[in-house]
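This report concerns only the one structure given below.
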Amino acid sequence: MSKEKKSARAFASDNWAGVHPDVLTALAEANSGHAPSYGNDAWTARAVERVSALVGKDCDVFFLFSGTAANVLGLQSMVRPHQAVICAETAHIHTSECGAPEKHTGSKLIPIPSPDGKIFSGDITSQLGYLGNEHHVQPKAVSITQSTEYGTVYSLDEIKRIADVTHRNGMYLHMDGARIFNAAVSLGCSLEETTRAVGVDVLSFGGTKNGLIAGEALVFFNREFAKDFEFRRMQGMQLSSKMRFIAAQFIALLSDDLWKKNAGHANRMAAMLKDGMCGFPGVTITQAVQSNSVFAILPADVIPVLQKDFAFHVWNQPKSEARLVTSFDTEASDVTRFCSLLASTIGVKGTA
Amino acid sequence: MSKEKKSARAFASDNWAGVHPDVLTALAEANSGHAPSYGNDAWTARAVERVSALVGKDCDVFFLFSGTAANVLGLQSMVRPHQAVICAETAHIHTSECGAPEKHTGSKLIPIPSPDGKIFSGDITSQLGYLGNEHHVQPKAVSITQSTEYGTVYSLDEIKRIADVTHRNGMYLHMDGARIFNAAVSLGCSLEETTRAVGVDVLSFGGTKNGLIAGEALVFFNREFAKDFEFRRMQGMQLSSKMRFIAAQFIALLSDDLWKKNAGHANRMAAMLKDGMCGFPGVTITQAVQSNSVFAILPADVIPVLQKDFAFHVWNQPKSEARLVTSFDTEASDVTRFCSLLASTIGVKGTA
Amino acid sequence: MSKEKKSARAFASDNWAGVHPDVLTALAEANSGHAPSYGNDAWTARAVERVSALVGKDCDVFFLFSGTAANVLGLQSMVRPHQAVICAETAHIHTSECGAPEKHTGSKLIPIPSPDGKIFSGDITSQLGYLGNEHHVQPKAVSITQSTEYGTVYSLDEIKRIADVTHRNGMYLHMDGARIFNAAVSLGCSLEETTRAVGVDVLSFGGTKNGLIAGEALVFFNREFAKDFEFRRMQGMQLSSKMRFIAAQFIALLSDDLWKKNAGHANRMAAMLKDGMCGFPGVTITQAVQSNSVFAILPADVIPVLQKDFAFHVWNQPKSEARLVTSFDTEASDVTRFCSLLASTIGVKGTA
Amino acid sequence: MSKEKKSARAFASDNWAGVHPDVLTALAEANSGHAPSYGNDAWTARAVERVSALVGKDCDVFFLFSGTAANVLGLQSMVRPHQAVICAETAHIHTSECGAPEKHTGSKLIPIPSPDGKIFSGDITSQLGYLGNEHHVQPKAVSITQSTEYGTVYSLDEIKRIADVTHRNGMYLHMDGARIFNAAVSLGCSLEETTRAVGVDVLSFGGTKNGLIAGEALVFFNREFAKDFEFRRMQGMQLSSKMRFIAAQFIALLSDDLWKKNAGHANRMAAMLKDGMCGFPGVTITQAVQSNSVFAILPADVIPVLQKDFAFHVWNQPKSEARLVTSFDTEASDVTRFCSLLASTIGVKGTA
């Protein structure tokens, strides 16, 4: 996608969406005079409180610029270089961060084959055969993505079982929550129920994909790992000098259930999109639609026709599988226009 | 400064200032529908053009979140781990980035004693005695800060001489331009004259300290170093997914001479502050005031009185030396109030 | 194998063997007075010549302590951190170096499933789908092991095809030659035919497993990668101060065809072992025996009986698969004693 | 010294010396049949006992190839990347390891000016001004070299005071003992008195410079830092597969007081050399001669004449300062020949 063009509204990714208006308003309100830099300001304190109130007390919260950084610096807090991180083969940390975890932590990732973006407790134990053997990296963290890179959502029980086996083997659980809000809404659970209550030790808590400009947090439920994190953040080039402007975005998102409205809307749009796509000849929905994306095999010659009007990614070229992502600002009319175009394109073909 | 409080307007740092209103307006304007992520959008293209137009054509421009990252990833592009970076002992990369350059590049910094934040061409040649000796790191880059951490400004000739000796010895010149705008205004030069024209190879081009929320750029005049930089940026956890919102900030700053107005105002406020502080008993201005900061020795018992109303840093506790920084939003009345308080505090003492 | 005991002669690994007597003699001869340190001595010069004479002129040769270091520092010369190394899932660099490649190069390994320790040219092209995409690491090197970790040996044509696809795609070929002598003897080829002539760019040239105390070399056929290697070796903690004693070992090994005698003997012992094990009920040879190891499934209850007299590794516990390695000092009587014990143990069971 | 030639016996460095005959004999004796690899052998167990017996019980001992590795991996065990190591500006880790500490630990070194190779407790406290400030690296280890790079030797009291201030400030003490034997002999103390008893936490215990081929140990008196060290050693490319041959060298060195004889002899030769050089016009001994080296200013035109017969390093070219190092195999006749040549060269000049 080297020469992408702007599109009114697309299904390319939830990071093609802009910013929720309430977030912009919050930025303007935070722009009042001087404030201490590097997070020693009132907005940051308030945002930390707001996050804690939602995910569960007794945690440490740090704001960062980037979701990749949340994952990488979170994992760096959990493992030493000779230790390893077990994750799904489909995990963003493994496939899409240009090797940042390895570069920054010095550690190895151990990817587990996964058809639907999830791993299971049994996958984990099968990787523990070389514990104590100096020739082999030593698994010390497990990282799962919620909701997954395939739009699927772990049930609370699935995570509990992962957390159990992880902790029983002296390891710790990281959750990449780039789309944690979509997952919580999908499960009908609070953020605390979705994270701390099921055994997560360290959480990448992502705001950008749910309507912020750029704002991520790292939440340590296991506070041992938060020790010295302010230094890792600075050395990790993720300390915002005017941090109040990240904090203000989070305050807006976590006020008046905005996070829930945004994520819930995106999820509903995905469900609507899936329903609208079903039943056409040559169209197969390939993953359970549980959050804000739809993966579907489409007829190969239909894809370029659709892409003239709607940007989206072909996830798997040989399979002709597309990924369609909805966001807080997707409109029902976007979905119906897309489905109409799909219908007419396939129909035209059908009658040709 | 562990328990800093918000202050209406302070002299603590130019990153205590907020955002220029035009920048906020630009953010709102950029928030129109969907746009390709990761910099493949129209705003980013326009911002790159704007930067190039000001610093000189035939360069490569990349936007980043953080100034530390601009320095670190810039240097990582210039040196391999066995090579070294010569810089002033006072350089931000050496003193204030929590070891990020060493951690990320694997390289050593070679700090040169500097009373005023500058280094000179002779300092550089004296570090080249071990070229070719495998036991010693090999200097390959020189990094200077313009304006310096002490508010001083290199003359164009000083930089040219540094660039000459740097290039003659097979090395390359990095400029940490966290306050490049203040320097250019101070010199009465264009940005191109201040950077590319005097031999800079790689420039950290800082927006945050001149009125942005958070926005930095890395400019490669030596385009060899830009090769593969998109990967280093991603792996360096500095690729903004909604990059249009960094780009829009830069477009505002680089339009209608806003950069010049902001930096010029800050510089004038520093000059006014210096003038207002001169002549009091026990007050010594310790550095040439050439950009937007004033370094001054103040009577030790006066400092806490001033800090009740005005946040600022004690730079050197044993010397009782303070650093006062002005910014785009410093008002003349801030300066006069500060100087009045200084006068009355010292005066009260004087008559006591 | 936490409480291993000394055994007269074992099949545990070729690094359980001692040192060839000629190598000890060479050490004593090199111990004459003072010599320049760090490789500036006459032995090192002669050893470099000897290596070059055997693997092909116009190369750069460096001596190191460890085979892992040869692999890691060789790869570090070939890739930058955002680039990746394609290798077999069974490769020593991937399975048995405790993550040293990732820690030191900052790069990711891309392992390819391999039942017999080899990869094929088609495996490589399938990993090139994301070239140019900044979210993904960029394959830049391919690493193969010759002979492989499973005792199999690539044919010259197989390597040529790998080298072709590697070079055609702008990548470079590394060969882990920890057992390169066994491979060359197995192929009936010269060392040059086995390495440089088939397209290898960088070769880890291992002496330790063929009768040295500790001595490895790194050979750069692509001399671009040798640039600055003396610094990488020093920074990589692999510069021997009394290097003449590594060099002297290599001179002995590469004189009078000692390398060929040692490796040829080990290979013959493996063939003899395989022949002696065939045909017993419950015994299955699982890999082609092409160099100096035999992989075989053995009856599970037989293994502990054999291990009372002969140390060897159970490679795959669930499959009851053992690895038996021969070395330069394995004696025919070791093989016949082992096979007799195998026979009697299985026989006893058979008649029980 | 790019084209160094072999010399019968030189004063260039103690690593120009060969191997003590007892060490070669021990190697031959260890070459008996097979032994478990990677240190699971009887020689390694015995060598560990021998080291412990001499430096003090209740420690963990690991053998390595290289002294640089002992320093680097020792420090890596003590500090995380955002922490720093305080050392003398003259320390080998700072000047002569090609940046290996920074590359491998990710940490910064904080060098302290030192005219004689030593640092003092007051130097350390002056570096602690930024503890707790996230912008600054956090000193966590102090590293001293005993005997120093200038041949001087810390008194026990000097080290105790360093250890006290180090520990009182929550830091730990590393000793680079590349020449620890020379120091112990110089002090007339046991190895335990010289290391553990004065508060050393981690000791690089160097054998190579005292008559081994290549053999170093890392000793953890603070056993917390030894946790997982077997993985750091493997990942650090310093695990010898045939470790018995490093162990056997140490057994020889630590038997029958060989270490004391070797180091004592070297120290006596240095004292004799100093005495022989004193009093000549233009010759100034610049450092206290307390172990096995002599630093001296020599007339600039005399140096090349001497170097025709005796290799040695000009340490400081502008000062015309030479370093002369003695070793276990220096003979009294080497010293007298050198002093005669010095006399005649200066004399010839004097009468010219």
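The chains carry the letters A, B, C and D, assigned in the order they are written, with residues numbered from 1 in each.
Definition applied: contacts are C-beta pairs under 8 Å (C-beta built on N, C-alpha and C of every residue); 3 or more make two chains touch, one makes a residue touch a chain.
Nothing here was measured: the structure is a model prediction, and the numbers come from that model.
More inter-chain C-beta contacts link the pair B-D than the other of B-D and B-C.
Of all the chains, the one whose CA centre sits at the greatest distance from that of chain C is B.
Here the spacing of chain B and chain C, counted between their Cα centres, is 51 Å.
The distance from the centre of chain C to the centre of chain D, each centre being the mean of the chain's C-alpha atoms, comes to 34 Å.
Distance between chain B and chain D, defined via averaged C-alpha coordinates, is recorded as 42 Å.
Annotation for chain C: residues 2, 38, 81-82, 97-99, 103, 134-135, 137, 231, 234-235, 239 touch two or more other chains.
Partner chain C is touched in their complex by these residues of chain B: 38, 80-82, 134-135, 138, 228, 230-235, 239. Across the interface of their complex, chain C is touched by residues 1-10, 12-13, 15-19, 21, 24, 27-28, 30-38, 40-42, 65-69, 72, 97-100, 103-104, 208-209, 213-214, 231, 234-242, 245-246, 311, 329 of chain D. For chain A in complex with chain C, the touching residues are 81-82, 84, 95-99, 102-103, 106-108, 129, 132, 134-137, 317.
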